[in-house]
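Labels run A, B, C and D following the written order; every chain starts at residue 1.
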Amino acid sequence: MYRYILKRLLMLIPVLLGVAFLIFAIMDVAAGDPVYSVAGADATPEQIEALREKMGLNGSLIERYIRYIGNLLKGDLGTSYISKLDVMKVYLQRLPNTLKLATLTMIVAVGMAIPLGITAAVHQNSIRDTTSMVLALIGLSMPNFWLGLLLILFFSLKLGWFPTGGSEGFRSIVLPAITVGTSLAALLTRTTRSSMLDVLRQDYLRTARAKGVSERNVIQKHALRNALIPIITIFGVQFSNVLGGSVLAETVFAWPGVGRLVVDAIDQRDIPTVTGALVMTTMLVTIVNLLVDLVYAFVDPRIKAQYTK
Amino acid sequence: MTNQEANDLILDIKNLKVRYETQDGIVRAVNGIDLTLRKKRTLGLVGETGAGKTTTALAIMRLVPDPPGIVECDKLEISGQDILSLPENKLEHVRGNDISMIFQDPMTALNPVFTVGDQIAESLEIHEHLSSKDAKERAGDMLELVGIPRERANEYPHQFSGGMKQRVVIAIALACNPQLLLADEPTTALDVTIQAQVLELMNELKEKYDTSMIMITHDLGCVAEVCDEVAVMYAGRIVEEGTLEDVFNRTLHPYTEGLFNSLPNIKDRKAKLKPIKGLMPDPTNLPVGCSFAPRCNYVSDACLKAQPQLRSISQTHRVACTAYDNPEFHIERRIL
Amino acid sequence: MEINQTNRNQQRATKLYKKRSALEDVWRQLRRNKGAIIGLILIVVIILVAILSPILLDYDKDVIGQHIKQRLKPPSADHWFGTDELGRDIFSRVIYGARYSLAVGVVAVFVALAIGITLGAAAGYIGGKFENVVMRICDIFSSIPSVLMAIAVVSALGKSTFNLMLAVGIASTAPFIRVARAAVLVVHDEEYVEAARAIGMPDWKIIWVHILPNCLSQIIVQATLRVGSAIIAAAQLSFLGLGVPAPAPEWGSMLSAGRQYIRDYSYMTLFPGLAIMLTVLSLNMLGDGIRDALDPKLKR
Amino acid sequence: MKKHTKILSLGLCIVFVVLSIAISPVSAEGDFVPSKTGAIIQELVADPNAVYQDTITIGVANDVTTLDPQASNTDANMMAFELTHETLVQIDPATGEIVPGLAESWEVSEDGLIFTFALPSGVLFTDGVTPFTANDVKYTYTRAKDSSFASAKVSDVVDINVIDDAHIAITLSRPNQEFLLLMAHKGMSILSEALCTADETNGPTIGTGMFAVEEWAPGDFISFVRNENYRGGKAPTRHIVFKLFKEASTRLIALQAGEIDVCIDPSTIDLGYIQDDSNLQLIQTQNVVMLYVAINTTKPGLDNVHIRKALAYATDKLSMIEVGFDGKGTVHNNYINVNQFGLKKDIAVYEYNLEKAKEEFALSGYKEGELTFHVMTDKEYKKNAALVLQADLSEIGINLVIDEMETAALKSTLNDPALNYELCIYQWTDADGTDFTVRNMYGSSMKDGVLVKNGSNRCVLTDATLNGMIDAALVEIDTSKREQLYFAIEDYLNEIVPIVPICTSYINIGIKKDITGAVWRPTAKHDYRFICIPEK
């Protein structure tokens, strides 16, 4: 097991190097030399060159990349072109906000999706099933930023229940969490349902029923644990997405999370911030995925057996 | 039927009908069968795939999925207890306690995420209200009973072979010492050598616990080995029933004859196999007359007009075939 | 040789027959699914609208024609969905916008399909180091949230409709790589593939003729559902100002423009949003239907 | 304020309105009269016993991006520097005259070349320990020469002579009528030599201002804490926070909900909400941000004066104002900013006229459909202006492609020596020195024998005649003659059309009714040093 974890953590290294290179390459192609947007209009060529050196933009893509990796290994993500602040510090400033939003979103989504999905599957083709599936489909089809706008329109402007943005207090997190959580809840409901339907057809449930296990326990004990596996997969994938920043919701609600940090930095051609934030996010995503895989093993002994092999 | 016999009755079914209402139409899986079974006896329920054997067993357990399954029955009693009118929570006390079932495929019959010990212990916890520690202990006993070392109770199904899994399934079914055991093709999924072992084990345990059993199978050899009585099913109906002797040696129904004829003959290896021609009728669209008529070698116009009813040929032996209106009629198969 | 040829013809014949009956079967299943049919009808209507809109509407006059005096008028008989900040008719723009959203969604998915299937199938078939590299690249792509990925790509390539398609496509490639690879791995060792290899069929042909058709159903389902998410992704980028350049009536950019008028002129955000939702909804309903029809497990 | 029910809140509102009419000396919107400079000054009567709200939160639209005064020139940063740093002199918002800042007084030599400043003693930087001396001024101005943002302002400085700790003399290469104006610019804020040399990153963020930076979360907020030792007496408010809300509508809602005290630049479409809200007040003054179409006069097609005139005739400024600012703006036809010295009120106007545009186009020799130009825009209102222009140009047979870009990319394209752009909707915000404006917007300087455009010369004009006219105006001492010279420059520009001026709009600010002490400048660089809410 530990060897498996270690192996996974080692596999993280090439991925992080790859992410850093990818971002470097993309930002290198990007229109607009960052030097000229940082330097003022009156900059002389000498000043430009000096600035270029100071910003670490001299040299070829590969040279810069190697330099960056060297610093990265020392835990140094560089300093922002714009604010001159340490990227790591800025990232860590934003991370709690994103984690807060992500966690609440996931809790709400899971809390809604699993009971709904189970009910839908158990009462397949009933009114309850149809209703929750139609709702899930709508939730899945709604662009989340639009939902955010509608929520603002209704709950902030018309009813005045929640603030339209900002990050103070619990009330300000409610609407962003709903915005991000809706499509997630929809997705999870659908996954739970189909996974549950799959499991409900399995013979071992018949065995359980034949044993005299009550219907409630058949569902909650025997079926759910098996159905959880695909749900956990989706959960893992989506957690990364929420974690990486529900950029749109963060923009709509002025939520100072990691996603907005990256978008703003891309706008400003602030390469160290873009790269640093994405590398850190990738690391988090990978670690979350590893955790998800460990949860798998906990739920499914067959997978555990694979890991220990 | 004498009083004594009536008290002895473990299972009494009258006019059981099961249909599945699906999008493709109504599948009539079981079309009015009567079954009785006395204590310590074993009934072989024989027929090809799709004849309605498994559905019958599920109906007895009241486990026919609804929707789409709809069960209709005039009488369904286990040891004199009316199962038909029991509410779901009472049924849970009957299942696994009074009646158990062994399912066809041991590969899928066990829950992959629980240890086998837990799965055996579960029914003990439910029905005998044992503490989880005692139940574990008893589960170990049960494992040993079916020939598996008790240490393996903490292992998961994927760590067991097919035959071992089937033993676990048997252990689960017998854990609470049921009066009636429904075994749905318990050996089909297993290797031949394992099949014999499992059958022997079941025979042994049945004797030991005085359990009555319905053995569902299409394997006539298996029937010969375990059963006292035989009922042959075709398209949701019983076409012939009687003692093992009756059905094997005094075969009456053309379908039963067909079943025997399609077995390879060890004594005459040159003899050509004679499979029953054609396929089972579409259960959504059963013919008006005898369901077997389209495949029957002895078919007459009368067969196509009305459904034949079971008629008694001897005290124990009954058959549903219009041809026997003619007292001269006999089938080709001769028992040597 | 002769015999071989006849054999093959026979094979082909059975295959054809099989294929047609499978298709018919899918259609039969699909027809029974109310949701799928509603989805199908809706999406056909939307596609027709998209195709016919240049005939129904005069682009210069109706779609981008400005009437500053008529700006920000709420829905009325003249302007069913009202007018926007430049006095343009929102109804015409929403109608015409279907062209952009559908085109972006479909092309993006094609990009993703093309890259994903090529890489995924090759990885699954060739295996070894190549597979490892492809899968690591796949890891890299899927560990960067796709929206951020697309934003980065668009800002690198510059804003244009094509780049938007490309960005959304690239950002949604990873799942296709995975699907294709998994499908190839499943059939890789099947006997008919072994047989094809034994008679010396080139690898690419084996992939193309024997392997891909076998994972087609999965890919079709994925693709249908992905068109919907690609449309949303494109709208998201447009919303962030990275989409189709003005004055094209792309739904996401209409939403973006309407955002600052949301308090008094909420219809500006309402209708384009509804249009996106309806399109994606119908695609999802259809995709679900196809999946259910193709997936024998779900048949009852 | 927590609203329980609609009715209750409505009731509260009514009570509040009645009370406020009855008790407070109502200052309705009309009471704010812009000063000579166009600024609205909320005079704060000094009262040592008054108690003020602890924190004032200002909802801003643009992020503070740097705390080094010499590393940027955006409005958002300038407002921060106004709090944290001081310049030697400053501009009186009431009269527009130069008044003492960090310097207590100054003298100018007769030839106008040497400026001697008298500095106060005992002043500490906001780190609380570093003393301020004349050496810091020398250090600051020398450092400015290397800054790409500040160097243009000290380009005439040839010598800085520290006489003693409290006196410094600055020598210019030529008389500059606007030198003090330049020194009042926040980019010339005085830094500490000791702090800057000790810490190159954080040193420049410390000044001698009334506030010091407390916490900075880029992209979210920046907070300032009062300098308790400020020599002129401390500020009334202890904490000032700039909180970023990119969405105008969100920002205003935050103000209405009471989350913030000031909302900068609410959407023009939403101004009614401020006027209708009895807790709020609308500050409105014409701004001096000149919106214009910058024309890269070196690009094919655009080097043709007839094409440029066609562009000018085809520019529908009224529609642009309507679309961009909801009709709240003023058409601008001049080549320098409003309120600037030398603004020619009766300049010949290129009225919006597509017929004339077509005539000019015909004179250019190009055929219809032959020309396609790209126009760069960054903000929504600029994009809208470009859309209006696009529609009109298509009428006269010129295709216009709108390139929406992020501000950073747009700026770097403009600044890149490759000058790879054709048109750009851009703005000019400086309204102080006319020379600074014309020199930077249209001037060029000789480098290695060739004329090279000055930094902010977005039309890429290298016109020796024009340079001569600009130099002549700068050194002219007679005010009315100087004015005439600027009139001539404007007429000259009006003939060659290097830009198409569009409009100036209004500065709008929503504030809580009780707010006072702030100076709302038409340049959008507001002075928050004395902003406060007196507690009742």
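Please note the rule applied: a residue touches a chain if its C-beta (ideal position, glycine included) is under 8 Å from a C-beta of that chain, and two chains touch if they have at least 3 such contacts.
Small disclaimer: the values here were computed from a predicted structure and weren't measured.
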| item | value |
| --- | --- |
| Chain occupying the most central position, where position means C-alpha average | A |
| Winner on C-beta contact pairs when A-B is weighed against C-D | A-B |
| Most widely separated chain from chain A, with each centre as the mean of CA atoms | B |
| Computed distance of Cα centres, chain C from chain B, in Å | 51 |
| For chain C paired with chain D, centre-to-centre distance based on mean C-alpha positions, whole Å | 47 |
| Intercentroid distance (Cα basis), chain D paired with chain B, Å | 91 |
| Where chain C touches two or more other chains at once, by residue number | 155, 259, 262-263 |
| In chain A, residues with contacts to at least two other chains | 30-31, 152, 157, 251, 266-267 |
| Touching residues on chain D, where the partner in the complex is chain C | 247-249, 267, 269-270, 273, 319, 322-323, 380, 383-384, 386-388, 390-391, 394, 401-406, 409 |
| Residue ranges of chain C touching chain A (in the complex, touch as defined) | 35, 136-137, 139-140, 142-148, 151-153, 155-158, 228, 232, 235-236, 239-240, 252, 255, 259, 262-263, 266, 269, 273, 276-278, 280-281, 283-285, 288, 297-298 |
| Parts of chain A lying in touch with chain C, wherever the complex brings them together | 11, 14-15, 18-19, 22-23, 26-27, 29-31, 137-138, 140-143, 145-146, 149-150, 152-153, 157, 197-198, 201, 237, 240-241, 243-245, 247-248, 251, 259, 262-263, 266-267, 274, 278, 281-282, 285-286, 289 |
| Contact footprint of chain B on chain A as seen in their complex | 125, 202-215, 222, 225-226, 299-302, 305 |
| Chain D residues within the chain A interface of the complex | 3, 9, 63, 65-66, 68, 71-73, 146-152, 201, 216-220, 243-247, 249-250, 253-254, 257, 259, 405-417, 440, 454-456 |
